[in-house]
Amino acid sequence: MLRITGGKVYDPANGIDGEVRDLFVSEGKFVASAEEGRTIDATGMIVFPGGVDVHTHVAGGAINFARAMTPEDHRRTQAFIRSQSRRSGIGGMAPTTFATGYLYAGMGWTTVNEAAVPVLSARHTHEELSDIPIVDKSTLTLMANNEIMLDLMEKGEYERAKNVVAWYIWAAKSYGVKAVNPGGVAAWKWGKDAKQLTSPIEGFTRLTPGDIISQLARICHELGLPHPLHLHCNNLGAPGNISTTLDTLNHLDGHRAHIAHSQYHAYGGDDWDEMRSETAQLAEYFNTHPNVTTDAGAVLFGDTVTITADGPWQHLLYKLTGRKWGNLDVENETGCGIVPYTYRPSNLVNAIQWSVGLELLLLIKNPWQVFLSTDHPNGGCFWRYPEIIQLLMCADFRTECLKKLPDKIKERITLPELTREYTLYEIATSMSAGPARALGLHHKGNLGLGCDADIVIYEEDKDVARMFGHPRYVIKGGEVVIEEGDIRATPDGHEYISRPHYAPDTDEFLRPLFEDCYTMQFENYPVEMERIEKPAIHDCVPNS
Amino acid sequence: MTLTVVNNATCTFCGCVCDDIELHADETRILKAKKACVLGTAWFLNHTVERKYPDALIDGKEATLDEAIEAAATHLHAADMPLVYGMSNTTCEAQRECVALADLLGGLLDSHTSL
Amino acid sequence: MYWGGNPAECHPRHFTKYALMPKSKFLPRGRKDRTAVLVDIRPTKSAKAADIFLQVRPGKDFELITILRALIKDQKVSEEAVAETGITLEQCTDLIERMKKAKFGCVFFGMGLSMTRGKHMNSAALLTLAAEMNAFTKFVAMPMRGHGNVTGADVIMRWQTGYPFGITFNRGYPRYNPGEFSTVDVLVRGDADAAFIIGADPGATMPQPAIDHLARIPTIVLDPHVTHTSNLAKVHITTAPAGIAAPGTAYRMDEIPLPLKPALKSPYPTDEEVVRRIKQAIVKKPFWMPEGAQMTAAQV
Amino acid sequence: MNKLTLRLKEQPTVPLEAEVLSPDTFAELSNEEIRSKTVYHGKRQCRLDDFFDVDGERSDDVEIHGDLHRVRWIGREMSRGRITVHGSVGMHLGAYMKGGEIEVHGNASDWIGAEMRNGLIRVHGNGGGQIGAGYRGSLKGMRGGTIIVDGSAGLEVGMRMRRGMIVLGGPAKDFTGLQMKGGTIVLLAGAEIRTGAWMMRGTIISLKPIQMMPTFSYACRYTPDVLRVYSRRLKELGVSLPYAPQDGAYKLYSGDASVPGKGEILVWDALSA
């Protein structure tokens, strides 16, 4: 049992905005009162629900490839020294699994959603996740370039496709559906991309990216998945892609969706020289469509490694940087590209990207719709989130930062005109309550009775980045895991898994299709439940 | 004598790791490895679970498993620069324990890849 | 393309199950829809399966790949210089034309490339060539891993330590430097003062000075058999063979994990169980790092 | 300033990581403070005086005696002063060095002056591999300074170096100047194969004929003016580089076409008397 007394509590899920309240915890949940156990005197401190990362890449084939590609970064970055009971690790651009848990918990984040898992390597991803301590986890399955799925959609077999999506989610023991560059990754198998939502995809006769988007959004809704379609739009990173993004949103036909890392999808201009921010248009869409949420995918200046299933984009980035490039193909499901990258304030394109991420966070009015993310590690590393919080809370600091950008940027961005400053309540919404709700994790990001006791306690500090970077206490499931900068405990987290309904004949339907094109046995394909450490299963109720 | 059949078994002889093998086994050995290649067949058929070897050896003399585990722990713990090496012909589950062992020991860790 | 490998004899089902024969939506005629090239120093059995066999002179792989890299960029390379590799300029240009025309090219490389003079740089050369080919068409490259689950070891070391092999934890966290921390070098120099060997038999395969050092220091071996290394070891523990009598997971060379389904029950414990017990026995002893020690992180 | 003298008294049984062996560390410390500095014998933290007798204090002129082939990281990141070693040393001598001088009367192992920025390293015996190179994954090797090895060297000398100079008195093994991006390597006794492979820029000068990569092409026979400058500088370090037209000229090869790069390999072609 645990009591936290006297703290100023920010709990947007329950409309509590900085009231002094006591919190009581028993068996990992909030309760109405607790008599025994430790008391943390949080007088004068700030109490938040633990952070929830709606979109990150922390486990699986791609990030693991990135680790192997960047020994030079491991050498210069933070090392977590072994203790008798705690494993060692390395932080940096692509942290090791143990370090990932330490770093997330170290800044008060207690739930993470690994946003891109091919079914074929889901077993691998779960193995890695079980080595990420402290935080709770969920995964999204890549579905928008799976050849079996695309064939079904091309043939107009919607109901079949829906069953197959459900079957895949359960086979991968995942939580929801991710679509990356719909059709574009499939086209990349031919060295091509899919840039037009209404043009047939390479290798198909009728099917277009737009069809995939419409159908997957509807499927996610009808299956009753806790999280709607999680969508990485076509034309990521390309100047002028705002039209594609808005077109994509129109293909949702009113269904809910989460638009991943929208920073990369809000550019105007016809080429790199003309590139400009088009955040006003995109924000306007969100401000008038409460059915969609997004995460910023904000960019921070400095070194990182970019990893995405968006293979064609990564090849372009490799050609632009002339540095290292990793390219993975995952049979007929998806692929992945990996390119180390440095965002520089002196680079006009990078400077625009930096601005666009912040503009979206500031222009989308409702913090329940736009969440803190860097699309780790693509726009920057997750452990730099406190820097973004500082940029959101301090307009003066933004003005200082803007001075370091090229002069030419002024007519390309709108950030200098934005005076909004996030309140603590809005930060708590954007980093915790909002993403938890978007993920359908109602017991997360919520300090209400019966919810998971994931809490972060800060000492008030004028230096916002320092305050959010160094919480005084982090409590996970009622256990103090971080105290004054020390890792006190490294409990195993839960893994959230969805069980959507599918027709019983789906196995027999899939088997011949599978045997036609896969290199492994159908029976060996689904991930066994015994492999999941501490699974928490969500049984989906279908919507008609 | 009972005969078991294992479908979709996985062969770990080479890097192909084919997972479509049908194994027929009695209690001590695998009698048939359908779909396996010549190398895989030899691999499956050459292993038996007869007690061909002692549980453990210390300095070449037979020892119990407990004694050997304690001796191993003592030697590894005493070393200033212990090495954990190999990990090819074993499971991922054992490999994870090996990395944890090297981490615990503060030692060297390496696989066949470095050859 | 296969480079420096002999799958017909070393990975017998690679052609049939994975790379050359399978029929698919886009390659309905299977083998007939593919072009297979083998580059090796001698015509092995695998050469019969290839449409084109290119016999490179021993030790000239790096030069040949580097020439190909120059030629795909329309750089001039003299005919005589090319001929020294055993392959003519004409053969090179023909190969490049076919590579560029391919819809999806894949290069598998074996130990004939990665274990001969030049070693990791030979592999790097081929990986770079494959990467650069993407300026023209889709191209990928992959090593043909030999030993069973060596891929699993690679993958796990990467996620737990950040590095694939050649690691030290002596400063309390992982550091990496092949050549410094790789086993043959470590043993030949006599750097280690105890060794724990699992799923390998270095006593049969390593250079003699390395074996001599293993015999000098306390060596502990876990193996289903009493091996050459067991015979020079201080401690040998017999364990159940993986995949035959021990369950678990193994990674295929393309980093896809597959479940192991043992057909037999072994009287011996699994590797996993023994390593865990050794670990538990060590945890009971005093921790090696002094109480409150400030380990300073060391670069490299 | 008086000299600080260290003598190895106890031969390490496993590698000894001793980056404290640097003038920067010792310059301001008392004898007792120096003796208590931490070195790493394998994973064990030890005191410097567990292995060394230490004579003197507060000095950036350091002299070390003994067979130090297991002692690694001597002079790491040093920026000033001088280290003189009488004996052979282990890996990473003068890695990341920023200034000052190291002189070794004996052999040194791999990674001499790896990623160094400035300063002078002189090894009178043989060197190992990866001299002046970039560590695994790094895009940049040495960025300045000079390394002279009187004897032979191993693989990948000058890998990815940007600036600075490496001079080898004895033969080098394969991949000298691998992926070189600038700077100069002088080979007084040639090298084995694949010299200059994947070179982007920079200069390799060889006084002995060497086997050329097929992706290098012969340009001309001449002696660039810069050789005169090099020759004068190297003369101060006791190395003579021919440049007089009456003695011969250099054959210039450029490559590596596979990059495609603009590196230069100059091979001395003596006029026979």
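Which chain is which? They are A, B, C and D, in the order written, and residues in each are numbered from 1.
FYI, contacts are C-beta pairs under 8 Å (C-beta built on N, C-alpha and C of every residue); 3 or more make two chains touch, one makes a residue touch a chain.
Model, not experiment: these values are computed from the prediction.
Chains that touch both subunit C and subunit D: A, B. Counting C-beta pairs in contact across A-D and across B-C shows that the higher total falls to B-C. Taking each chain's centre as the average of its CA atoms, subunit A and subunit D sit 46 Å apart. Centres computed as Cα averages put subunit B at a distance of 19 Å from subunit C. For the pair subunit B and subunit D, the distance between C-alpha centroids works out to 44 Å. Between subunit A and subunit C, the centres computed from C-alpha atoms are 33 Å apart. The multi-chain contact residues of subunit D, meaning those touching 2 or more other chains, are 13-15, 42-44, 135-136. Across the assembly, subunit B contributes residues 8, 10, 19-20, 79-81, 92, 96, 100, 103-107 that each touch 2 or more other chains. Residues of subunit C in contact with two or more other chains: 17-18, 155-156, 160-161, 164, 169-172, 174, 176, 178, 191-193, 249, 251, 256-259, 283, 288-289, 295, 299-300. Viewed as a network of touching protein chains, the structure reduces to a complete graph with every chain in contact with every other.
Taken in their complex, subunit B has these residues touching subunit D: 79-81, 105-107.
Residue ranges on subunit A touching subunit D, taken from their complex, read 69-73, 75, 323. Every residue of subunit A that touches subunit B in the complex is listed here, in rising order: 82, 87-88, 127, 131, 520-521, 523-524. The residues of subunit D lying in touch with subunit A in their complex are 135-139. Of all the residues in subunit B, the ones that touch subunit C in their complex are 4, 6, 8-20, 23-25, 27-30, 37-40, 44, 47-49, 51-60, 63, 65, 68-73, 75-115.
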